[in-house]
Amino acid sequence: MTSIVLNAKKEVGAVQLAEPILDIRNLNVGFARNRLIAIDALDLTVRRGEIVALVGESGSGKSMTALTAMRLLPVGAGIISGEVRVHGRDLLALPPSAMNAVRGREIAMLYQQPKIMLDPTATIGRQIAEPLQIHRGLSLKDAWPHVIEALRDVGIPEPERRAMSYAHQLSGGMAQRVMIAAALSASPDILIADEPTTALDVTVQAQILKLLVRKRDEASLAVLLITHDLMVVSAIADRVAVMYAGRIVEEGETRAVLRSPRHPYTQALLRSSLLAAEEDGRLYAIPGSASAARGLSCGCRYHPRCQAARSLGIEERCRSQEPSLSTASASPGHQSRCWGVQVTAGGMQ
Amino acid sequence: MIDTSLANHRANPCPATPMLSVDDLVKHFRIRGRLGRQDLVRSVDGVSLDVMPGEVFGIVGESGCGKSTLARAILKLTPVDDGRVLFEGTDLATLSGARLKSFRRNVQIVFQDPYAALDPRMTIEQSLMAPLSQHRIGTPAERNAAIVAMLHEVGLDETFLPRKPSECSGGQLQRVVIARALLLKPRLLICDEPTSALDASIRAQILNLLMDLKSRFGLTMIMISHDLRVVRYICDRVAVMYLGKVVELASRDVVFSNPAHPYTKALIAASMLDSEEVGGLPEVPEGETPSPIRPPSGCRFHPRCSRREALCGQLPPRLDTVGGAHWAACHFPQSGRKPEV
Amino acid sequence: GPKDMVVVHYRLPASAYAMETADTYVLMRAGCLETLTKYAKDGRLAPSLAESWTQIDDNSWDFKIRPNVKFQDGTSLNAEAVAASLNHVLKATTPPRGFTPAEISSITIVDSMTLRISTPTAVQLLPYRLAGPSTGILSQAAYRPDGINIIGTCTGPFTIAKENPKQSLQLVRNDNYWGNKAKLTSIDFRFISDGGTRVAQLRSGEAHLVMGIPAANAQTLKSNKNLRVVTTTLPRTTKLVVNNSREPYKDVRVRQALQYAINRDEIAMGVFEGFATPAIGPFGPGQPWSYGDERAIPYDPEKAKTLLKEAGVDPAKLKLELMAYTDRAELPVLATVIQAQLKKIGVNADVKVANWPAIEPNFRAGTFDTGLLSRSAVTDMSDPSGYLIADYSCDGSYNLGKVCDPKIDKDIKDAMAIKDDAERNKRYRAIAEELQAKAVAVYLVHEQQIDGMSQRVRNFDLDQLGYYLVTEELDLE
Amino acid sequence: MNVFVAKKFVIVLITLLIVSILAFLVPYVGSDDPARAILRARTVDDALDPAAIEALRAELGLNRSLIAQYLGWLWRALHLDFGYSFATRTAVDVMFVQALKVTSLLAISALILAMVIAVPLGTIAAMRPARMFDNAVTVFTQTLIAIPEYWAGPLLVLFFSIHMGWLPSAGWRDFNSTILPVVVLSLRPIAYFTQVSRSAMVEVLRAPYIGAARGRGLTASQTLVRHGLRNGMLPVITMFSLWLTSLLGGSVVVEVIFGIPGMGWLLYDAVLNNDAPLIQASIVFIVALAALINTITDIGYALLNPSVRLTHDKA
Amino acid sequence: MTRLDADLGHIRAANPRRGIRSWTLISTRIFRVHWMLLIGAAIFSTIALTLLVTPWIAPFDPSSQNILKRLASPSAAHWFGTDQLGRDVFTRVLYGGRFSVAMAAITLILCAVVGTIIGAISARAGGAADELLMRLVDLLVAFPDVVIALFLISVFGPGYGTLIVALTITGWTPFARLMRGLTLEVNTKEYIEAAEALGCSRWFIIFRHIIPNTLGPIFAISFLRFGHKLITVGALSFLGLGVQPPNSDWGAMLADARNFMDRMPWLMITPGLAVFITALSVTLIGKGIELERNRGRDENASSPYLK
């Protein structure tokens, strides 16, 4: 089991300097009506053939990041500033018509609930064919062999028959495979997968994740995997970014981040998500709630809940000044946004 | 406190009479499409289990395997097709009127989705008042006091009383739902995935709360979940369900360390419980859980089972002991290590 | 250019053109159906499909069939065809009045062009009856087991080319007509039962000739330069039936009081827009048996009050019930007007309005005080005896007012036996005067047929009975 | 499947039987004697001859017991012989077919016109709900609903026929004569179809699969055409069939106002004339047709919306 | 200005908000109701009040005739002119309205009560009873209400009782359908199940959960149907089967007026306008209630996918 991961790591090591496919720079997104900044100065890079996981608790802005990259933001949301570069071209600067040509062709997306993402009145074959029709100009008839091939590729038995069936005839796992086939049919370079397995049974979850890993390996697909499940992250992600209240608080190679988390939030998240009894027999729960962080205009977003700040006695600094994302350990590219880490320099226990 | 209560149950894992026993329970739903054709959904298809006083009994299984249906049947919220449910020796089928009402005070449920479990038009106070006034417990003043006390018990306060559900967060609402269930001082509390709609950090808080309350109120609990981590943390004994049937039933430690049924094994593997080890993806059985409308013949897991043999497709295995209090429904149970207690 | 005219008829054929029904009026008005005899302009009888007729004895008549007449389907008209036609209607379950087996004993073919009709008793008016639309002659092909076929089976100046059920008849000129060739080449003969719609068709220029303009609209049409309104006095009178058998209306003075209490001019103006004549008696002016207006009753509420006082009736206590049926649109309005007029002599009228099927049983049972009725004195023959017997003889079939006066009965019987037309009509006139004097009913207005047409319509000349609407002379400029 | 179809068939048959009994009784419960009513319709003479009434009663079989009449009628009806209309003496089925032709043309034209106007209107309103256009559409539909047909009809005639002379004021002859009645009849369907398609479209346009389609690179209009309309049309189709069923009996008011020889007028006349065979047959006919339309709709709905199809071939 | 405001201000500039529509805001801010509801209620209450006090304010006796002044155009004395008997049309519109509106209201209330009860029973009973009732609804829908009213009138003769019965027989179905749907929907809600599990009595569930959660839509549809009822009552009178002369209502006045359509259009315009405005005001109320109920929900949110 471990060997798979090690293999994956080796490859990543080899293409360490592979070109960035998706490059988000200083992205700020907010809701004017709710007076809420959903994404706050976010920087994130996904390179070719790499799975980058974006984790964080509910409401931290993971989905908003994905939707911004697709430029399919909900009504009321607005981009304040920033760039979303795909192959070096800023998507946010494109006219809407040009954006249509990018979606599905260069950047594609997978969603949480595959069954409601499929049009109930159109055959799945038609929906998989759509990117080919739009981006390659194929007729439905010409696209059909590709559709069958795509279905077979994602592991759907009897693809010829299945291509003619409808969403309601599929199980959840199968629908997610179909969504993957549809997302990848015009061979985009990056796939944004927003909690693709949350709605699925655990046994099926592993199958879908395996498929994503295979796509990364075979097609050098870049994947931005959004999840709140650290176990999923540990299983397949090459790198991980932890998001809290709209910003990245820690980022680095998966093994480094999960083995030796630097940011107190990452540590707390890890500890609470294991659901293992602490010494007192109880579960660890992060004190307070994240919603308070939204109202803050300065300082570290996590400081109201941060025990480390208190124990280190740097509460004042945390409250008034914003830490920057800085290198946190020996592991290359492992950065965190914490005064405590910078103070102790060697990391915390 | 929790320690002592847990210790208590551990010390006496099998008292003589079960609090609740479910006996070969069958519940089939008849469904009909727009163009007709009746189908039977075999949601619960012959389930037997005993819940002992004071224990936390876990039911795990993947979506649609019949966990909630079983819970509803135990609460007599849905008529059953066959089999019996005995609560402290009384057959639920015989209950009606006043006796049903008093049974309701003994067994309560916490639902998965707290938003759906509370009437959006009622204030928290009205929702909490309903069980007390319906059972004519205490004077209005006493009821008020009881409600406030219970709110404090679940970590909320009286400022929530005038709020509507839409003005509270999911975690807060789940606390209200728990408070409402406990107001009647039940002896058996069924939790149907109480945390699966909640965030990871809140999940821990709710589970802590439930364990606190369990010891304070001397509750027996049935914890339904598809999250093995929750079950592993909280339960004393665990039943694993697959497609309307119990496939394995044993104490928690036995189930997790020495699963006898291949499905249990697969489920544990797929859940990636041991996460400190950064690892790859586990080997999982192929395919997905079939529809309960037309379950496979023989052993329902056999099409996905790596150990299947001809027999598996023909004969449904019985839930049989594979050693002491460890039961499994498999023709070829895993002969592994003996449970290490 | 082609002369294509649109004629609108007010009534829809309702019985698939069965010969014993009123649907034959439609065929006749459409210029298709013809009879053995017909009425001339002056109301006298003239030859039509019969060239001439002679009375053989008291009980039989010979009719000489016009030679060289062809049905529109090409077959020839002869005694056999006429006999077949007449026998057909005679055999109907409900044969038309005046032409039933009880009144016609046999129809025999004398020779190929002569027909003999015998009656059980002496019937002076037989030739008149043969002018009625029900005795119209159609070719053999018309009489199908499943009903009458009207396409190409008439003898008239126009042929029915097509029937659009409930909508219209498509008429084209019959080029083989035995008389003068029709001036128009084709006619769209429509049926529209709603008065307002008929008027709209005329106003919008869709129709050239519209039969049956509601009185309410006639005035407006009159003021339209492009249109012409023609009125024809009908032998139809609207009367207030008074229950002669009920207290206090048994007393002739009470009935006379009602006669004086009613302002007929106001009714003719207000309800009928001036398109009706204030009633002078049971028969309207211009009929051979009607008297002049010397016996018309003036509006005199004072006299009415006096009469009531003489009869010992306190108007305030008289709770008069007044029935009106909705099937004739003006009657409910008329009822409210009479209600207002009676109020002036202190009588409170209680108006009861319903459709005819609901009103009729009350009339029949005699459980009413007064009721409005629009009634035609003649239907298919120029003789009022049928009307007089039905309405005013003791056991008359339509004696709704429960009139029973042996003298009237005897007078009617005597009059009918007289052979000489002039003498007979004089006796009818006397009966009419008697009815008026005895106030058996209160006659309100004599109705008029109002037809509207475009100024381009030529030679429109409708007879009193309304038989001949589309004729060979009718033309469009 | 077959069991289901058979069951549905049996239900329809039982309904028809019950309805036929009720229908059969209707003309006999009334106060008016059918024979009298018929005779009144046939003759010019106001006075009805009692002998003629009796003769007619005998001819029509009205003297027999009700049960005998019903059984005789049912037996003939089973042979598709619904007898002859008392009043018009025409075969009932012939009259019915003629009237139905007219009414279905009228109803279907009106409903199609309504669809053509309503669906785009509803769709555009749904694209920006609660905005100006949507509010205007809402007020517009409420206005249409509040307009009585018996007011709109004469007003339109007054303007278009009498004053302008553009369109015929009545009748059912050529294309022009159908315009006003179709328009008047479509007023309310326009309103209801618009409301339904709007709310369906609001739902559909916010459905996740629309977003997913955009994610595959479809433009907004491509998405609307490929995925929006088809799903949004489903409730409109249901409504279409509901209206069609209810218009089968004709729109009495419109048909009477415009003198259109359809079902509404036929029924109106039949009831006014107490024309027993016609009333009986048309009730049974209409119920049978409604059942037919319901079935066709079910099938059509299933074709458009595969999730209600019979197949349960889940993997 | 905080950083938050500064940043978000940036969005505001990029995403100009639509201008404030003050009149709708007044309605929602001051009266806390949807503007359609406000307008509808204002019009309808004016109409209802006028009709209530008609006997005291009507300028003439509705049946007093004056043949000399017949068919007069609107004037200071006769606001809507006079009819063919010289009666004051304004007065008659008022008196006619009393009948029309009262008739519509009575039948509406009957329909709502009958339909709601049947719908609730149907939903709760389920099975054969449900099937039977819904078949009955299908059946009734297949017949135009005017035709059914015709049948009944032909059987029982015209009269107000018949009219009410006829309109109720055909009018309860929408309420039954709606109520059945709502009850079924509410029945599946987990809070109903929770209440049952808590041992709440059936009546508690019906009165505290089901009725409060279904009343709103029933209320809204009642107003929406009111307009329909008003029009149907008028239709029957128009066909001569509703109000019986010498009484009159808007439909009957319209039927009378058709004969004078071209000569005195006022005769037709005014009663028709009365039906129209009254019907419109009530449907606006109904729509307003419906929109008000949906306001909080994202029912009104436009699709994010079609930019």
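For reference, chains read A, B, C, D and E in written order, and residue numbers begin at 1 within each chain.
What we mean here is this: a contact is a pair of C-beta atoms (placed from the backbone, for glycine too) under 8 Å apart; a residue touches a chain by one contact, two chains touch by 3 or more.
Quick caveat, the model's predicted, so the values are computed rather than measured.
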Moving step by step between touching chains, how few steps can get you from chain B to chain E? 1
Look at all chain centres (mean of CA atoms) and spot the one farthest from the centre of chain A. C
If you tally the C-beta contacts for C-E and for A-B, which one comes out higher? A-B
Which chain is most remote from chain B in terms of Cα centres? C
So the centre of each chain is just the mean of its C-alpha atoms; given that, what is the distance between chain C and chain E in Å? 48
Separation of the C-alpha centres, chain A versus chain B, in whole Å, is 32
Would you kindly tell me how far, in whole Å, the mean C-alpha position of chain D lies from that of chain C? 40
Roughly how far is chain A from chain E, centre to centre by C-alpha average, rounded to an integer in Å? 52
Touching two or more other chains, which residues of chain C qualify? 194, 196, 200, 203, 355, 358
Where chain A touches two or more other chains simultaneously, the residues are 72, 171, 174
Using the touch rule from the top of the page, what residues of chain D touch 2 or more other chains? 31-32, 154, 157-158, 162, 211, 213-214, 256, 272, 274, 309, 314-315
Of all residues in chain C, those that touch chain E in their complex: 194-196, 199-200, 203, 214, 216-217, 219-220, 266, 269-271, 273, 324, 326, 329, 332-333, 335-337, 339-340, 351, 353-355, 358
Partner chain E, residues of chain D touching it in the complex: 11, 15, 19, 26-27, 29-32, 126-131, 138-139, 142-143, 145-151, 154-155, 157-158, 162, 202, 205-206, 210-211, 213-214, 220, 223-224, 242, 245-253, 256, 264, 267-268, 271-272, 274, 279, 283, 286-287, 289-290, 294
Can you name the residues of chain D that touch chain C in the complex? 31-32, 36-37, 39-50, 52, 55-56, 59, 87-91, 95, 98, 154, 157-158, 161-162, 165, 168-173, 256-259, 261, 265, 272-274
Any idea which chain E residues touch chain B in the complex? 189-191, 193-201, 204, 208-209, 212-213
Considering only the defined contacts, which chain B positions touch chain A in the complex? 2-3, 6, 62-63, 169, 171, 199-205, 207-208, 211, 226-230, 232-233, 266-267, 270-273, 275-286, 288-289
